[in-house]
Each structure stands twice: as C-alpha cells, then as structure tokens.
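Shared between the two complexes below is chain A, which pairs with chain B and chain C, respectively.
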Partner chain A sequence: MAKNLSTFISSKTKTVEINRENPTVIIGERINPTGRKKLLNSLKEGNYDVVRADALSQIEAGAGILDVNAGVPGVDEEPIMRAMIQALTEVTDTPLCIDTADPISLEAALSIYEGKALINSINGEEEKLESILPLVKEYDAAVIALCMDDDGIPSTPQERFAVAAKMIERAGKLGIGPERIVIDPLALTMGADHNAGRIAIETIELVVAEFGVNVTMGASNISFGMPYRAHINSTFIAMSILAGLTCPITNPLEDEVNLAIQAADLVMGRDDFGMNWIKHYRKRQKKS
Partner chain B sequence: MSDILSKLSTAIIEGNFKDTPGMAETALDEGLEAGEILNQGLMPGMDHVGVEFKAGNMFVPEVLRSARTMQAAMDIIRPLLAETGIEQAGKIVIGTVKGDLHDIGKNLVGMMCEGAGFEIIDIGKDVEPNTFVEAVKEHSPKILGMSALLTTTMRAMEQTIKALEEAGIRDSVKIMIGGAPVTQSFSDQIGADGYAANAASASDMAKEFIA
Partner chain C sequence: MAKNLSTFISSKTKTVEINRENPTVIIGERINPTGRKKLLNSLKEGNYDVVRADALSQIEAGAGILDVNAGVPGVDEEPIMRAMIQALTEVTDTPLCIDTADPISLEAALSIYEGKALINSINGEEEKLESILPLVKEYDAAVIALCMDDDGIPSTPQERFAVAAKMIERAGKLGIGPERIVIDPLALTMGADHNAGRIAIETIELVVAEFGVNVTMGASNISFGMPYRAHINSTFIAMSILAGLTCPITNPLEDEVNLAIQAADLVMGRDDFGMNWIKHYRKRQKKS
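Our next item is the complex of A and B:
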C-alpha cells in the first residue's frame, strides 16, 4: 500500500487538507449553469447574486471546496469566470475548484485567484496534458485527472488505472508531485451498464493502493434513469469512501447524500468523538 | 390479434431478448408476414414501453432491454422486410455534437426511434459539424437528431445547423435536438425544428415529422 498523500487546496486565508485520515471534503457542485436556469439567467444578466448565494448555502451545508463553472452557451467564458471568482472571493474564503475546458478561461482564473486552486480537469488526452499541466505547474495548483484518454473511456478498472498512471507520470516529469493529482475514476451510469459502479470502485482501489493519491468523483450520474436515485447515490458514495474516495463532487444540499458521507466518515474513524455527526444532527433539528 | 403477435408485444415489454428471436421465427412459420410482425407485434410493444417510460413507470435499464429485444427480433425479420419491399418509416441520422462524449441519451433516442420503425444511422459522439453534413449528404435522412449534455457544447448544435445551411441542405431534413441543458427556446433560437425532453418524446416527434 502506498502512503496516503495530502493534497492542499487553499484560498488567501484558508487551507483545506485532503487526506484519507481526515473527514471527506465535499466539493460543492452547484455553481455550474448546466441545467440550472436561475443561475444561467443571472449570469447572462451579469448578476452574481445567485453565485454568492449558492456559495454560502453550500458552505453552510458542509462544502469544503466550491466548484466554479462559467459555461454559458453563446457567451465568452473568460470574463464570466473572472467575475465569478471575484464575486466568490468577496463572500467566502472557501477554496475554489476551477472547472473549465477552456485553457484561456483557466489561465485567467488562475492569474487572479489568490491561493492554490484545484483545477477541473485534465484527462489522458495529449492535448489536455500539453495545454493544462504547464498551468498546474506555473500556478502551483492541484488538478483533477479523469481516467480517460484519446481512445475514450476504458471499460476495465485495469485500463483506467493505466491512464491514471500515465497522467501521474506525465505530471511528475514537469515536477508536479502525485499529491497534486486528484484522480477521478469516472462513475458512469448504472442504468446503461450495471457494472458501472463496480468498475469505478475497483479503479479507486487500484490507484489508491499504488499511488496513495486523493480521489474525486461526480457521484450523481451513476443513478441516472433509475428510481430512488438518492439511495443509490448515497450507498455508492459510502462504498467509494471505503475504497478510497476523499473529495467527491456533489450537491451538499441533498441531505441524503450528505448524511451518507458523514456516516461513512464516522464509520471510518475520521470523525473524532462523532462530533461532526452530532453537530449536523443538531443543525437539522433546529431546521425542522 | 394472433396469439403469437401479442406474445411478441409482451416479450418486447418484458425485455425477453432470449426467447424473442425464436418467437419471431415461429410467427414466420405460422405464415405471418414480416410487416405484420413488425407493425402488430413489435411496434405496439415498443409503443407501450415509450408511454410507460414517459410516465415514469419504466426505467432506463428496462428500456435498454426492450430495445435489445426489439433488435434481436429485427435481426430475424429485417432481411424479409427488405425482400417484400416493405419500407421502414425513414432514416434518422443521430449523433452527440462536437466536444461532447455523453451518449446514453442519444442511444436511447436511437433505440426508441428504431422501435417506432425508423432506420437509425448513429454517427457516434464528439461529432464535428462537417461530419453531420457529410452524413446527411450520404444517407439523405428525413430527420437529423443532435444531443448535447453540456452548456459549453450546446453551441456546436448551432454550428452544425449553420454548416448544413452553408452546404445548402438544411431544409432537406427536420432537425430535433435534446440533452439536459437544451430547452425549447434554445431550439427556436438556433433554428432547429424541435426539442424533445426525453427519448419517448423524441420518438413521438419523429413520427409527427413524417406524418
């Protein structure tokens, strides 16, 4: 077993340490206009109130890092990304995860962000490795690395592991250590392939055993097309935490998934005296 | 209705892909025409699946099983359909647009439309506008379907429609689009012919287009 690595993500004044001995770090997914009409319309109008409100509600619900995606159809991404980061910095010191496929927006975001950002994302495609890894190095950032490459998404855990190994090696050549690479094994939809969950979990086990790296995952796609989605998501996330998932990208406002994460942390012995669990219980009591 | 036809319908609904080819053969042995098997056995089954899926009573894995069952039956009767000169409803070219790798929705649309009697030409995911243009030229479909699951890749739908216009073949097809971030107003804005919220609606829309 490789040693558990610590990934440090920071803002100007706050640092989050992601490590398998610490409680799970939730990367809040809601600041993303895909499928969110209210946010999308507000961004189109140049209004960042929804962004600010989304940040605060997610932090309140337990997000440790906020994902920021500025993809508005038909609008130049870079100025929106800049404005979103500025708006967020005004209201919170929670570190940010910069989520863009556009290297120009990414560099703009990194240049104004004060701290060590998490970049979302690279994958094993040559073009991505060549355009993004130098930015990871230059800005002392960490990066999410998706287990897919120019040949698409591999169908076996072993092949996905090989893509992860390639990305870690390529980063290493630039002097970016594995502690700055957060692997995403890719959770596909169980509705289309009932092995999708198992493949993701086995991929996590392989990369953790070999490299000790931190692991992220978007865990809500997995239940697409199925009834009782929240139950599937929460069971999957708890099992993935046992396998080695450390910083899932989720919506912390979904209580059921949040509870599963907190319970999994307690089960894993990462919640000292169960204080987190009890604290969240009291918070819920107050609300209801 | 003949007993075997209703059995075939049920087999499609239940997703019984193991027994269906044998049942299709039995139907042929009983002297039924391939067209009858398609129109009175298989398609009513698939219609039922579409209705139940839309209503939230059936789920994606069940639709996939039903579609697989449909395909297993079609493998038996397709050669005979061609022989007897029975025309399918028409061709649909579908693909996920440039930059986008999501294909579950697109595959479901393909399967539902196939179940409704269309011939599907699936040109895959991450499809360049020009590849769509070439496919329309090559296959002369009645309908073109595009899927995008990201706000950042939706624009490629507009680019594809422009590319079709530039090639002078925009009006040769009906264009339907779909995917999580896509809306009716986006469809109107980029000049598509329709937006479908799910695979069953897409299949209904395709039928309306050729009606």
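Our next item is the complex of A and C:
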C-alpha cells in the first residue's frame, strides 16, 4: 500500500487515530432516533438519559467514536443536537461524529464541540460541497464523503472512485488534506443488485490504492431481505477491512459483527498478541 | 486482476473448474485417518464404510473435491490408498485430491484413478520437485504446491512468493502450466506468530497478482489455542477469499466456516441471485 493516512478525531481530552495499521475504529451508530422509538420519545420529552446510556453501552462494547443524529421528524433539530452533544460531553470523552443533513444544526454542533469532530457527511453534490466543506475547514474537522453526486449513486467502482477523487480534490482546494476525508463507498442491498458487495469492496480497493485515505461504511444494508443477515454482514465487514475499511459505522452491541471486526484485526496482525481478542472473550465468559 | 487461470479437476464423468469468478470450491478434508479414531480403526479392519459415508456427508455439505489420505501409522499405505479410491469411485463422481507423501502410493493412486486428480502436495524441496512433478506431468494432474522448501517455511510473504515462483517455473520446464499449480501459502498458528494470518493473506495477494493461479489453504491452524476458533477461522477464510483463495481445504460439516465461504461468494457476486445462499438456508431450516 503506497499511502496510509492517519485521520485524527478528538474530544477535548481524547484523540482517536484512524489508520490502516491500527485496530479498526467502530463508529457507534445507535444514537440516532430513526427507527428507535424509545430514543425518539425521550428526545421529544427533552430527556437525554437514553442518549447517555446509549453512549456508555456502545463504548463498553468497543465503539471508538459515537455518531450523533438528532433527526426527530417535525421538530427543530438544532436545539436537540446541542443538547445531545452537551449530554454526551458530560458522560464521555469519546470523540463524536456529527450526523446531520442540516448545515445550521451542523454549525451549531461544531461551535460547541470541543475537539476535532468527524462530520457525517458530504457527497459529490455541488450544494453539499459548497455548504459543508467550508465548515470542515473552519472547524478543523474531518468529514465522511459518500460516493454519490447530483446524478445519484454510480453503478460501477470506477465511477464511485471518480466521485471520491472529485470530493478529495475539492476539499484540497480549500486546504483540507485527504487525511481529513473519510470515504464511504456506499454498500447497497444485494437483494437489488447481487454485485452490491463486490462493487463496494472494489471501490474501497481503488480509493485506498490511489489516495491511502480512511474508509467508513454502514455494512448492514447489504443483507437486507436475506436470511442469516448477521453472517452476511460479518463476512462482508471482514472482507471490507482487508480491502481497506478502517472505521465502519455499526452497532457494536451486535456481537456477531463486533466479533468479525475483532477477528479481522486479529488476522491482520493489528491486535498485538491477541490481547483484545482474549479480553473480549473473557468479557463474554463473565456475561454468560 | 491480470490473469485468472482455471484449474480443471475431474473424475471419469464430472469436471470441477476452479476459477476466481466461480463459487469457491471446498476440498473436503475428512477422509484422513490422522486424529480420527473411527476412520483409522475401520481402515485397519479393511472396512471402507466410513470412507464412503464421509464422502457422501461432505458432498452433501458442499464439498466439490474430496481429499483422500491413507496414512495409517505402521501399515503399508499403497493398498489402503487403492482400496479407498476404489470405494470412493463406487459411491461418487466427485473428483479426488490424492493426499500422500509417498510417491509409490501416489503413483498407484494415479494409475487407477480415472480422471484428472489434484495431488496433495509438492513443496519447493528439491527431492519433492524431482519425485512428484514427473507424475503430475505423466498423469495430466494438477498439484498443490506448498510455499516452503529445503530451508523450511519462509517468514515473509515475499520469500514465500519466491518459493511459489520457483515451483511454478520448475513445473513449467516440464510442460506443466501454472493453471495446474494450486498454491498453498501456508497458514501457521497465530499463537506462535501474531502476523501468521496477514503473512498468508499477503502471500496469496502476491501470487495471484503475478500468476493468476488458484490458491488452496487449510484455514483452521491459524486459530490453534485461541478462544472462539470458529469465528477466527470464518473471518480468516472470508478475507482469504477476497485475497484470492479459491479452493480451501476444510471440513464442510463445520457450519460456521461453510457459511463464511458461502457468504464470501455471495458478497463477491459469485452466487447468482443468492440462490446457493437461500438453498443452504432452506436446508438448515429443514434440519432444525
């Protein structure tokens, strides 16, 4: 591998280095009210106990960064986002990933967050690049960049690579280096296209070979509608880690996928003497 | 991938094509008395019922080729090998992999086997190359080539690649093309060297990029002495398939590893419309 960039995401007191030689960094996805009634209702009530609990349980399960999404349908997002970040800062120094489509909410979050956040996300759409990249620059943040643009999601790895290259170039023009761009190749559903997994993996291989950037991905869409989803997701995530995935967005409480990530790190020699693996084993033994 | 060679292994009436675009071919490892008391005792008694049953159960579980090992300590191997091949030919047309360190036994097996066998194995040792390669040539067979030589097992992927290159070259001099050489990178125990998995995978990547050859491997050593072995083996085999492993030697009755192989094929788009995956699911549903 020619280049192997380090992306640094930090809170006030803790820095996470995402790098292909380090263990995989899990971005915990649970602090997102979409499809989670309990969290949704608590946010509507102005209660942030579920947010705090979700943070702690994900960290305990191995999350290195926490995704924070404040999207409550029909409710102004900005104050909720602020309150969530406040609540999270009270209970953890784990760095955050600010997950919002709303530039106002994003800027509010960045302005109160003490550290280098990961922003979720830009894509190749002109409007996104123009509204979000200046915030990435101003707040010295890193950003997840999805391989899609105004024409939608390209169907070949080469076209997705081209979108990635465009986003990296546009960021570069503002002085944002490629080490601050985390590419998401986009994993679609194999039920719709049985090559969806292969396309995502080949996109990863292309962007890593060319730019050495870090790579994120949500790995659970791929198996939608199929039996044995956990097995498919585990296998897909392990193969993606070999291809160059460094910081998957996932639910670390799902033991099957979590184990696959740790096993992949072990196999890649990123878990010195298997210490993480054995620690996880002991934790499970205690539970059962 | 520059080249993608097809290795053809056949019985009298059935041919298996090993190729990186096809579903992974499992070489079933169970017909081997080492460590299997029941099989060992039956062979000592001249009873081949266990051999036949092992063949059928492995085929049912998805084996595309059957490894046949006749090594019974203290007993002349040749007549057992002959009888095993005879017994197997009676119950199945699945192609065979002749697994023996004894050239006499190997030649006896090849002389009665009707088809193109896979031979298990040569390595880079001078004596092996001189005794076995002429048989590969004479019987139009293919051969598993282990990445080790008179100096032992090299510790780096580059050195293992060099051994692979030497074996391919030596075979070529006899007119045996690289499509008839199936490289085994050798997966050692991570307990002894925590980079063992990575070394095997990088060796695969090197030989595939250079020669496009097919690759086999026994994937279960890697986890020896570790907890959750099935998870490690599954993850390792899926990553190895992405790297270029095409015909692992494994026990298809171990459901965890079998599922990982099928999931890897699914993710790589080698399982059209997920038909194999769903078939396997239905089979499991019926069992439970």
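Going forward, the second predicted complex is superposed on the first by the 286 of 288 C-alpha atoms of A that agree within 3 Å, B and C clash if a C-alpha of one lies under 4 Å from a C-alpha of the other, contacts with A are read in each partner's own complex, and residues count from 1 in each chain.
Simple rule for what comes next: contacts are C-beta pairs under 8 Å (C-beta built on N, C-alpha and C of every residue); 3 or more make two chains touch, one makes a residue touch a chain.
This structure is a prediction, so every number in the text was calculated from the model and none was measured.
More residues of chain A are in touch with C than with the other of chain B and chain C. Once chain A of one complex is fitted onto chain A of the other, the partner contacts of A:Pro33 are limited to chain B, with no touch recorded for chain C. Contacts of A:Leu259 after superposition on the shared chain: chain C is touched, whereas chain B is not.
Contacts of A:Pro95 after superposition: neither chain B nor chain C is touched. By the document's definition of touching, both partners, chain B and chain C, reach A:His194. Residue contacts after overlaying the shared chain place A:Ile222 against chain C, while chain B stays out of touching range. In the overlay built on the shared chain, the residue A:Asp271 is in contact with chain C alone; chain B does not reach it.
Once the two complexes are overlaid on the shared chain, A:Phe236 sits against chain C while remaining clear of chain B.
When the two complexes are laid over each other on chain A, chain A has residues 190-191, 194, 226-227 in contact with both chain B and chain C. Residues 59-61, 64, 99, 101, 104, 107, 149-152, 154-155, 158, 180-181, 186 of chain B touch chain A in their complex.
Of all residues in chain C, only 190-191, 194-195, 197-198, 201, 222, 226-228, 231-232, 234-236, 238-239, 241-243, 259-260, 263-264, 266-269, 271-274, 277-278, 281 touch chain A in the complex they form. Interface residues of chain A facing chain B in the complex, by the touch rule stated above, are 33-35, 40, 71-74, 77, 101-102, 148, 152-153, 189-192, 194, 224-227.
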